[in-house]
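Consider the two complexes below, in which chain A is the common component and chain B and chain C are the respective partners.
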Partner chain A sequence: MQRSAIRREGSAFTGLGPVFMKEFADHLSSARMMVLMLFVIAFGAFPVASSLQQLRTVTESDAFLFLRIFTSAPDSLPISFVFALNFIIPIMAIGLGFDAVNSEFNHRTLSRVLSQPIYRDALLLGKFLGGLVTLAVALTALWLIVFGAGLLLLGLPPRGVEVARAGCFLVAAIAYGGVWLAISLLFSVIFRSTATSALCSLGLWLFFFLLWPMIASAITIGFAPSQIRSAEEYLAIEQIGLVLARFSPGTLFSETVVGLLNPETRTFASMLPAQMRGVIQGAPLPLDQSLILIWPQMTGLIAGMIVVFAAAYVIFQREEVRA
Partner chain B sequence: MRRLIVLFALLATPFLASQAVAQLQPPVTQGLFLLTDYPAQTVRAGEVTTIRVKMQNSGLAPEPMALSLSGIPAGWKIDMLGGGQPVASAMPGQNESVTLQLRVEVPKDAKPGAQQVVLSAKGTRLQSAELPLTLIVGTDAPAKLSLKSRLPSLRGTPRSSFEYTVTVGNDSGKDLTVALSAQGPANFQTTFTEGFGSNEISSIPIEAGQTKDIKVKVTPPRDVKAGDYPVLVKVAAEGATAELRVTLQVSGQGKLALSTKDGRLSGEAEIGKTSTYTLALTNDGTAAVDEIEMAGTVPTNWKVEFNPKTLATLAPGEKKDVQVLVTPADKAIAGDYVAQFRAAARGESSSADFRITVTTSTLWGMVGIGIIAVALLVLLGAVARFGRR
Partner chain C sequence: MTDNVIDVRGLTKLYGATRAVDAIDLTIRRGEIFGLLGPNGAGKTTTILMLLGLTEVSAGTVDVLGFDPVRQPLEVKRRVGYLPDAVGFYDHLTARENLRYTARLLAIPRRDAEKRISDAMESVQLADVLDKRVSTFSRGMRQRLGIAEIVMKKAEIAILDEPTSGLDPHATFELLEMIRGLKKAGVAVLISSHLLDRVQSVCDRVALFNHGKIALMGSVVELANQVLGAGHPLLIEASGIDIASTLRGVEGVQTVVAEGEGGWRVVADRDVRAAVAQRIVSSGGSLTRLADLQPSLEEVYTRYFQEERHAA
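So, the complex of A and B:
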């Protein structure tokens, strides 16, 4: 800190405000944002509409009926709203961040911006925050649309605990978007070509979305002994598979969502028969216990976002900008 | 003509004789008899008594028998009836009998004592028969009832019902309608039912000399203390009464009830930490419960302890607190579990299902925040190291 104090004049965040506001405004007014929003609404509205239609026919009492709008996958369309979000959010985040820095290079505007009293730190952070807040605004809007549609079509006010759980879900969704935004920002710093950056981001997303689950299960099978003798052994192997799968941000996000929106969830792994004794089936966990349950996943998302951003920052700082 | 008849008679005699012999085989004696079942019987002053008399002709040729009565006391009226009509003579066929009734009207003021009346029957030929009847004017025999029970003492708990079978006998000469009643301690309920019937009855008709079985069901109040309780069963009819004392031996019964002080059967427990709940054990019964042992069923690997583990005795109506210490297993998963706590004594037990919400320690939440803080520190370190103009 002392070193930086000597080298710097003023805060590292000088100029953060203007960069953030400009970036935010650019995003909101850009045609790309419009396209992304249409894409998101189309993908989000369809599952919600069909799940609402099914929920209207539900007659049994359900303490968490409102949360089912998010999680229920109707028979006609086996995609729930949260599953749709699981792959819309990365695309949206990548779309917002893949050309954040390298387009400035390509338009030769970076040195012009940096000649202003704006630190590089502030430029990168401002671009990241601008993207994140844009994402947050879009997701919040979507969330409110879903809530409003639920209120209109179910004619049932959500309970406080349901609103709290759905709110936590929104935070998790934004954090998940932040991870992908940081990843696309990293690639936009590494590659000068926007196309390469976009390809790499999307490639990584496809890798985690399609390939990683298969690789994880293959590795797990490799670890497994030829014969599983006890439930504990089975659980240990399952644990390996879970740990591997959790390297994917998508897994972290979906586990967070399950923990938050299905209050009955006690654990993501299987339970031993010994642990099943005396369990009251279907009893919902209190909100604080659900939060403790998903907290590691949440931590992974937030810490991952920060670490990826830090990597992008380090690379950006070491780059030669005078091109 | 006469000789011819005699000849016929001679020819027919062996026939008739053999027939007569065959018919008269049992009664060896020949003659005319006046018979009655009870030659000496009681009549009541002011009442009409009917005496059945039979005139039996054994092996004699039939002939009209004139009937007469002698020795009728002054003021009495005795009619001879045959087939409901007054008759003066009777003619039973050979080896047949005729039934007669003597309708005896005794005046109200007849003196007690025996009166001799002779009924005589006289044929036109030599045959005659006499039947002396002794009519005793007695005082009105009083109605008399008897009451018996084979099992006058039963044992049970306050919750059982006591059923006594009593036999009511009508020992008098008249049909009686017997009223039934019972006297027990306060709040004891008694009902009467007939033999195997289910209808409750308050009185029952019993013919003269007959007996009837009646069931008396006594239901003590639930909160009755242990002890012996007598119930007086009374039957009464026309001034006659009979009493029977039956006894209920009520043995007290303890009844345990397990709950908590405020009735809330749920609690929270943190994984690996001991939580204490206070159970309230009460004895709702009527007798003390001894040697109560506390036990609990909890999920696997959980620990459960009671303080105290055993209670020496719990008097009726008494309430004692029992501490239960529950420790969820280290590897328990957060959520709701059910644990069962039991209090058991000899023949008596009570259990309570307790819902335990297991919570996880927030320690790992802190660790998560620490990880995020470390990530932020890395970022700050990067800013410090690489930050430049």
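So, the complex of A and C:
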């Protein structure tokens, strides 16, 4: 493909619009989307409802009460809404992407569609954007529902800065979904069997969700000397653990969420006493400072999404069309 | 501008060290039906994919309607209709929705598209199932829907890969009629197939593929002359006399070979039917059958590959 890719004429995006519109319409009208939405509501509504119940009884003044709907884990149920999202979003994204390309192979539609005047670029990008916008619509709907429920049940309007923070959180959630969508798209390009592709995506998700934290801490312990002599040494080892954990998109997402929705967050690692000097405990950071704090995580998520999509793109370009 | 719609020179496709297509030359003229024939794996589909720019060309040049599929695939694909082997459509969509998607990819204006879709479906006799889901369609209906897509596209060239495989005789007959219809509309049609007798009935010219090379190319009669030798073969069934010795005396008869039960195959250098009939009757034999054997592609094909194997 390299040779032709350099010299070929015509925009790579010819036909992107129709592919995107078809994918988007297909997703919205599919039974799978209904199932995913039910799943999201079941897993999202419960933490939100219980945290709202608890928040109504809070009497002390809290400047960011509205954001607590997202983050507070009620006693009755030890998961918060954002924690639920941390594992719902990958499942949704995988559900939307795992059969994107291989189902076209299996239904023998790929060669017919590619014999129309479009490049493969447009087909793959259209499929990715179709999935991403579907995901964005679903997450935005969910976000609005939570906001609405908060307004109704707390009887207190959110402040502007809370809306801004929650809006940034929505963007982060969509980017996180984009990473998993790109991963499932990659597997749908690699494997002809949709079942294998779904299994690999879910396997990778389980690996990052369950195994990776353990592996990361095991490796960190392996690096640690038998005796930690200074605070600097401790911090260096903690840093190794953090770097390893951040290979998981879930870690990047939860750090972003913590930074955005808990305005008191100043760092994700420990702070030395010297750094603590002058800090007012529990005082919130302004939004721009919080954004600077989570900027690396956010760029990491978006970069990961682009890298995985690029890998899928390269493999798809080299694939033979014939079934 | 010549009348060639497809012009292929030295086209080669390598998969590793194997030559799937080995330096073929091919021209297809406007408004003809051209058959690409050969056993499975001979390189027919690979050739087609290279014509459409769907797979990389290892060497050689391709010219489709004045465009190079390697550099200008979009221009080629805008003008060429392709019906893949066992074509698939989106099962959860109706026939109309499927064609509408293609129309959007072709950037046909919406109002124009609706008219072209219904006209195309009319021409392949699927107008009554226009709004049925494709999942309910039989294989033959899917193939016809594929033809409708080409008609809607107003393609100048139609490339059909194994269009009749897996169809029952009636559906095959209907499909071949539609292919003739495409020709009448001025479309050059390229058919790849291994089903010879059916293809023979529609093709103006054929190319016989073997191991990535074009072994033979020309009209069916030309190929027959090349492979089976020139001459007029006859099939004779008669009884009561010794056919072989009786017919050897007829002027022009070259060979007489027994074929089957009481049948004889006679090859002559001219039309000797009248003389043969007269000789048999006058020698007291009873003539029960006298048939002029049209050279069949099947025969050409079988004979060619037999000779290939002997040569190898």
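Everything below uses one rule, namely that the second predicted complex is superposed on the first by the 317 of 323 C-alpha atoms of A that agree within 3 Å, B and C clash if a C-alpha of one lies under 4 Å from a C-alpha of the other, contacts with A are read in each partner's own complex, and residues count from 1 in each chain.
Note that in this section a residue touches a chain if its C-beta (ideal position, glycine included) is under 8 Å from a C-beta of that chain, and two chains touch if they have at least 3 such contacts.
Bear in mind the structure is a predicted one, so any value in this text is a computation, not a measurement.
Aligning the shared chain A places chain B and chain C next to each other free of steric conflict. Of the two partner chains placed by superposition, only chain C is touched by A:P18; chain B is not. Once chain A of one complex is fitted onto chain A of the other, the partner contacts of A:Y119 extend to both chain B and chain C. Of the two partner chains placed around the shared chain by superposition, chain B is the only one that A:G278 touches, whereas chain C remains out of contact. With chain A as the common frame, chain A serves as the apex of an angle whose CA-centre rays point to chain B and chain C; its value is 170 degrees, to a multiple of 10.
Looking at the shared chain after the overlay, A:L156 reaches neither chain B nor chain C.
Of the two partners chain B and chain C, more residues of chain A are touched by B.
Within the superposed three-chain model, A:T109 lies in touch with chain C and out of touch with chain B [touch as defined at top]. When both complexes are overlaid on chain A, the residue A:T299 reaches chain B alone and has no touch with chain C.
Once both structures are fitted on chain A, no C-alpha atom of chain B lies closer than 5 Å to one of chain C. Shared contact residues of chain A with chain B and chain C: 1, 3-4, 7-9, 119. Those residues of chain A lying in contact with chain C across their complex are 1, 3-4, 7-10, 14-15, 17-19, 21-22, 26, 30, 107-109, 111-119, 320-323. Only residues 297-302, 329, 331-339, 355, 357, 359-360, 362, 364-365, 368-369, 371-372, 374-376, 378-379, 382-384, 386-389 of chain B touch chain A when the two sit together in their complex.
Taken in their complex, chain A has these residues touching chain B: 1, 3-4, 7-9, 12, 119-121, 266-267, 271-272, 274-275, 277-280, 283, 285-286, 288-289, 291-293, 295-296, 298-299, 302-303, 306-307, 309-310, 313-314, 317-318. For chain C in complex with chain A, the touching residues are 45-46, 49, 52-56, 70-75, 77-78, 80-92, 101-102, 104-107, 146, 149.
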